[in-house]
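Structure provided below as structure tokens; questions to follow.
Naming follows writing order (A, B, C and D), and every chain is counted from residue 1.
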Amino acid sequence: MSMATASIPTVERENYLNKHYGVGSWLFTTDHKRIALLYLLSITFFFFIGGFFALLIRLELLTPAGDLVQADSYNKLFTMHGMVMVFFFLIPSIPAVLGNFLVPLMIGAKDLAFPKINLLSWYLYIIGGVMMLHCMLTGGVDTGWTFYVPFSTAFSNTKVVEAGLAIFVAGFSSILTGLNFVVTIHRLRAPGMSWSRLPLFIWAHYATSIIQLLGTPVIAITLVLVAAERALHLGIFDPKLGGDPLLFQHLFWFYSHPAVYIMILPSMGIISEIIACFSRKRIFGYSFVAFSSIAIAVFGFLVWAHHMFVAGISVYAALVFSLLSYLVAVPSAVKVFNWTATMYKGSIYYDAPMLYAFGFLGLFTVGGLTGLFLAALGIDVHVTDTYFVIAHFHYIMVGGAVMGYLGGMHFWWPKISGRLYPEGWAKLAALIVFIGFNLTFFPQFILGYIGMPRRYYQYPPEFQVLNVLSTAGATILGVGYLLPMVYFLWSMRYGKPAPDNPWNAAGLEWKTASPPPTFNFDEEPVVTWEAYNYDELNRFPVKEETPVAR
Amino acid sequence: MPDSQLTAAHNPALLHHFAEPQQQRDAASLGTWVFLGTEIMFFGGLFCTYLVYRRGYFGDWGAASKTLDVTLGATNTAVLICSSLTVVLAVWAAQTGRRRLLIGNLLATLVLGTAFLGIKGIEYKEKFEKHHVPGASFQFNNVRIPGHPDQYANPSHAEIFFALYFVMTGLHALHMIVGIGIFIWLTVMAWKGRFTPEYNTPVEMGGLYWHFVDIIWIYLFPLLYLIDRHP
Amino acid sequence: MFDNFPLWPQRASTMAGNVDALYIFLLMVSGLMTLLISVCVVFFAAKFRHRPGVQAEPIEGSTPLELTWSIIPMGVFLVIFSWGAVVFFQERTPPRDATEVYVVAKQWMWKLEHAEGQREINELHVPVGRDVKMIMTSQDAIHSFYVPAFRIKQDVLPGRYTVAWFRATKPGTYHLFCAEYCGTQHSGMIGSVVVMEPAQYEVWMSGGSTGPLSASGEKVFAELGCATCHRPDGQGRGPNLQGLFGKTVQLEDGRTVTADENYIRESILDPGAKVLKGFKPVMPTFQGIVSEEQLNALVAYVKSLSSTRPGNAMAAGSTSPPAKASAQRSQVQ
Amino acid sequence: MSAHPSSSLKLYFGIWITLLACTGLTVWAASLDLGRFNAAVALTIATFKAILVALFFMHLKGASEKLSKLVVVASLFFLLILLALSMSDYATRTWT
């Protein structure tokens, strides 16, 4: 305890954290940085709920027999795991936490364009989250996160409507966040901050916002139709009354495929920042990386039916969607090549954020390449709805999105909290996450190809060895995720005070105090330099006491 | 920037994070347009559903559409068009500083909007009486398909039509109700004299929203009321 | 050694080799790419690690390089796409003379009925070396017919037929999974496909059949009184069904459709939807009156009326094309 | 905003009359048997009306800047993608 008093600096500058105190100053704040922290708390909560479900799923799958939980409980577990992780963790994670915190800072604005709407979107998220929790605690839902009709409308006895409404409400939170970002990026850039000077993190968030704005309304209305169909039996999705269940799948995937890019694009933005900073170089092919984000967002809307190749859609349509799916792979590949090329002739530091970026590169590459398997019609028939798909999208969403998220949290933690985290522990955590992740999900590729269907709570015994490996990996992965939470919390009290620019990084967010003052900058910044001007920064080497652990 | 602080001091409506009123106005305008863009996609899911089933069940839908009252539908279209005129006049009045004209047009818009909902209510009531509301008591037996006098419409397919009719017009009506709420607020603000030729963004943005809801109806009217109408 | 730890699925159909070949190609392509990127990352990270006094070299980028690494992958992707499409077409095009099995999926079992009349639950017996086509529908939610050893999967939808086919190459017993989540006992909806030598299969076939499916269809056809209107002489109020199946027919509203399984099915359940040219929509619906099994039998019966295959009830010679039938019909009016 | 108040007023009333006339026109056109073209005519008139409202009542023409137009065009483009690619399935379901 005496340590604590010692570690707090005697004179603290006024910043967004200490300007006001009290619950009210948080719950009614319109400061984007405080709202980001509100989001951080709430999505972390949901992450661990979703993670707990994942743990139970993996434990059940340790043995071929269905022994730990009942079949219907298992179905609820994977449904709630998917819904919580997708709608309450992955989609808001980077945009609502790091995006919220950094978008105004990076473009030199005092706040987002609509601060009250920003707060409203957090409240919508919380209302949706509370509805989801209520739904879980009073029986849960068992349709899978995909809500496929007619099972969800006519056969499930669980709380489908309530879960749907929870996601509907959370969807509007996502729409409003996207709206705020688009307007802010267009209207509130500091003088001199032209589009070609925007950090790639901003480009990525701009692309993400496009998807949030144009995709989310479609799933919202689709969930309304599902709720109405379930309550009133309208016939819209009921084949007995002439409805077509595949129409639901079209509408659902029209959002839910691009939604994958809501999760991965911001992460790509983070990786661009980290790789540039720790290679001490401007990102290779800046404009290609920037436009590939936009290309991914747009092409992402053209490929949804590749989730439906065996669903009974037309063979010709399948052909079109398969071809378009390969189109969206090109900008992703371009990004990976550019990041790799950025490291060429760099001056590379191995700090924790960079380790996460290395991890991202490896895992995203595997995730992306296995996407080629799934987009190939002939192979998709065999591997769709098996563990191959599970492995593929976890490589993208966990290996890609979560690695980026954690990398970003480490990179900007000194800015957010004004404290340094323990570098050694951070490196260890990055290593544990990487190993645990691969052990969990790599065996699932093999499981999928040898034919284990997804959403099975009992399975033929020949699948056991691979499942045991996967469960073992999940345990390691769980530890890897708990560690950062522990040392981040620890650092808030005991961490060394962070300098304003601990990494000697480019970008406006590093030019203000750590943590930043309420209105972000003491005087309005004027930008006179290009993005990633590391060659200039390198001429002024970091002072010895500033870096985290170098 | 001393400039912006100066402006801020002069203009109580300028929020702290904007440098100048023009920037704030542009942000509001872009925000509204982007919001309307999401609304297009929101109704877009319904239009997609509509397209799929209208293509599949054209005859049954023609029969179902024919039971709608085209006079009431057309009247409502006219009512909304008139309200769009009063809205644009209100915006003009606000921009030119004519307070009484502004209030008058806002009130006229409210009256027209309420009239629209009233007429819609009459139509809904009729649907209930005729058992054309999807659900357990839905009935659509022995209705002939237009152009095929010996063929009866399939009640299930007609039910899908009415389901979409209620979802689409219902969501539209919900937007109207929200619009009326916005316009009541605008009227109160106008009454208090908040809007000046320099500051009238809320009137303009409310107007954009109202016109958008009008455009949705401009499509709903032919799509729902005018399928296969000819004798 | 790998009994409990297989790394590759069994290969028991003609399709399996094609899928595996493409899979192996993709494994090589993506292995190469992963290797390329990880070698670059590791090499750069080691070679260009921060050293005091050595500064990063500012490099802007290179448009030729960007174009290269956009266009080359695009080319590779197009190869994968085309190859995948070719395999897909094979998977989706059942041979014309395949043996037919009608499948009804329900929560949570597979009901299978051979055209020859054998009924099975959660087990499908087939001979080696014969094309088998499954005509599948669901009674409730969406299911999916998945046999990993054959590399085939097809969702089974309520309200219509979907089709899958295979030609088994190796005797044995293989898993039949439901691959689309369908409710509580989804993971219990496991059956097996038993592939037998033709001789054994003949022995199996000879036991327990109640006669061909088309015969039970004929019985249902008679019981429901279909024959009063669908008369073989073309004089009934409904179209003559002889030789109808598989033909492209003109509809009353000018459209044309192919009279396939889904068309027959729809015409029984929703007769007004696609009325043949020259006929009046007078047929009542049989929605809710016939079960899925009876429906399958009826479809099999209508099919048998146009089959040219030996062993089936009717020969092609005795049928009249639908166009002629409708012409006769209009003469009567 | 408007430099010539009376001219804007004239424009607004002109658009209003045109919109009302188009409403009458579309009801009348629906009573004709144009076969497949009934839907096309109805949608063309509706689109014409929508464009009038957007350009003149919502001031997309003139005063408003390019960005708003871009937002509208982009939204319609994605709506078109939703409709067109969904129909690519429904219009080609027949196979073998």
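Assume a contact is a pair of C-beta atoms (placed from the backbone, for glycine too) under 8 Å apart; a residue touches a chain by one contact, two chains touch by 3 or more.
Here the structure is a predicted model, which is why all the values come from computation and not from measurement.
Engineer: For which chain is the distance between its Cα centroid and the global protein Cα centroid smallest?
Structural biologist: Per-chain C-alpha centroids compared to the overall one single out A.
Engineer: By count of C-beta pairs in contact, what is the leading chain pair?
Structural biologist: A-C
Engineer: Report the inter-chain centroid distance for chain C and chain D in whole angstrom, where each centroid is the mean of the CA atoms.
Structural biologist: About 43 Å separates the centre of chain C from that of chain D.
Engineer: Measure off the straight-line distance from the CA centroid of chain B to the CA centroid of chain D, and report it in whole Å.
Structural biologist: Taking the average C-alpha coordinate of chain B and of chain D, the gap between them is 14 Å.
Engineer: Centre to centre, by mean C-alpha position, how many angstrom separate chain A and chain D?
Structural biologist: That pair's centroid distance is 38 Å.
Engineer: Of all the residues in chain B, which ones touch at least 2 other chains?
Structural biologist: 26, 30, 34, 37-38, 41, 44-45, 48, 52, 56, 154
Engineer: Scan chain D for residues touching two or more other chains and write them down.
Structural biologist: Within chain D, residues 67, 74-75, 78, 82, 86, 90, 94-95 contact more than one other chain.
Engineer: Residues of chain A that touch two or more other chains: which are they?
Structural biologist: 186, 214, 218, 240, 242, 246-247, 250, 254, 315
Engineer: Residue numbers of chain D touching chain B in their complex, please.
Structural biologist: Result: residues 1-2, 5, 8-9, 12-13, 15-16, 19-20, 23-24, 26-27, 30-34, 38-39, 42-43, 45-46, 49-50, 53-54, 56-58, 64-65, 67-68, 71-72, 74-76, 78-79, 82-83, 86-87, 90 of chain D touch chain B.
Engineer: Which bits of chain A are touching chain C when the two form their complex?
Structural biologist: Residues 66, 71-72, 75, 142-144, 146, 148, 150-151, 154-156, 239-240, 242, 245-246, 279-282, 284-288, 309-312, 315, 318-319, 322-323, 326, 329-330, 333-334, 336-338, 340-341, 343-350, 358, 361-362, 365-366, 369-370, 372-373, 375-382, 384-386, 446, 449-451, 453-462, 464-466, 534-535, 538.
Engineer: What part of chain B is in contact with chain D in the complex they form?
Structural biologist: Answer in residue numbers: 26, 29-30, 33-34, 36-38, 40-41, 44-45, 47-48, 51-52, 55-56, 70, 74, 77-78, 81-82, 84-85, 87-89, 92, 95-96, 207-208, 211-212, 214-215, 218-219, 221-223, 226-231.
Engineer: Would you tell me which residues of chain A are touching chain B in their complex?
Structural biologist: It comes out as residues 109-115, 175, 179, 182-184, 186-188, 213-218, 220-222, 224-225, 228, 232-236, 240-244, 247, 250-251, 254, 519, 524.
Engineer: Where on chain A does chain D make contact in their complex?
Structural biologist: Touch list, chain A to chain D: 186, 210, 214, 218, 246-247, 250, 254, 301-302, 304-305, 313-317, 320-321.
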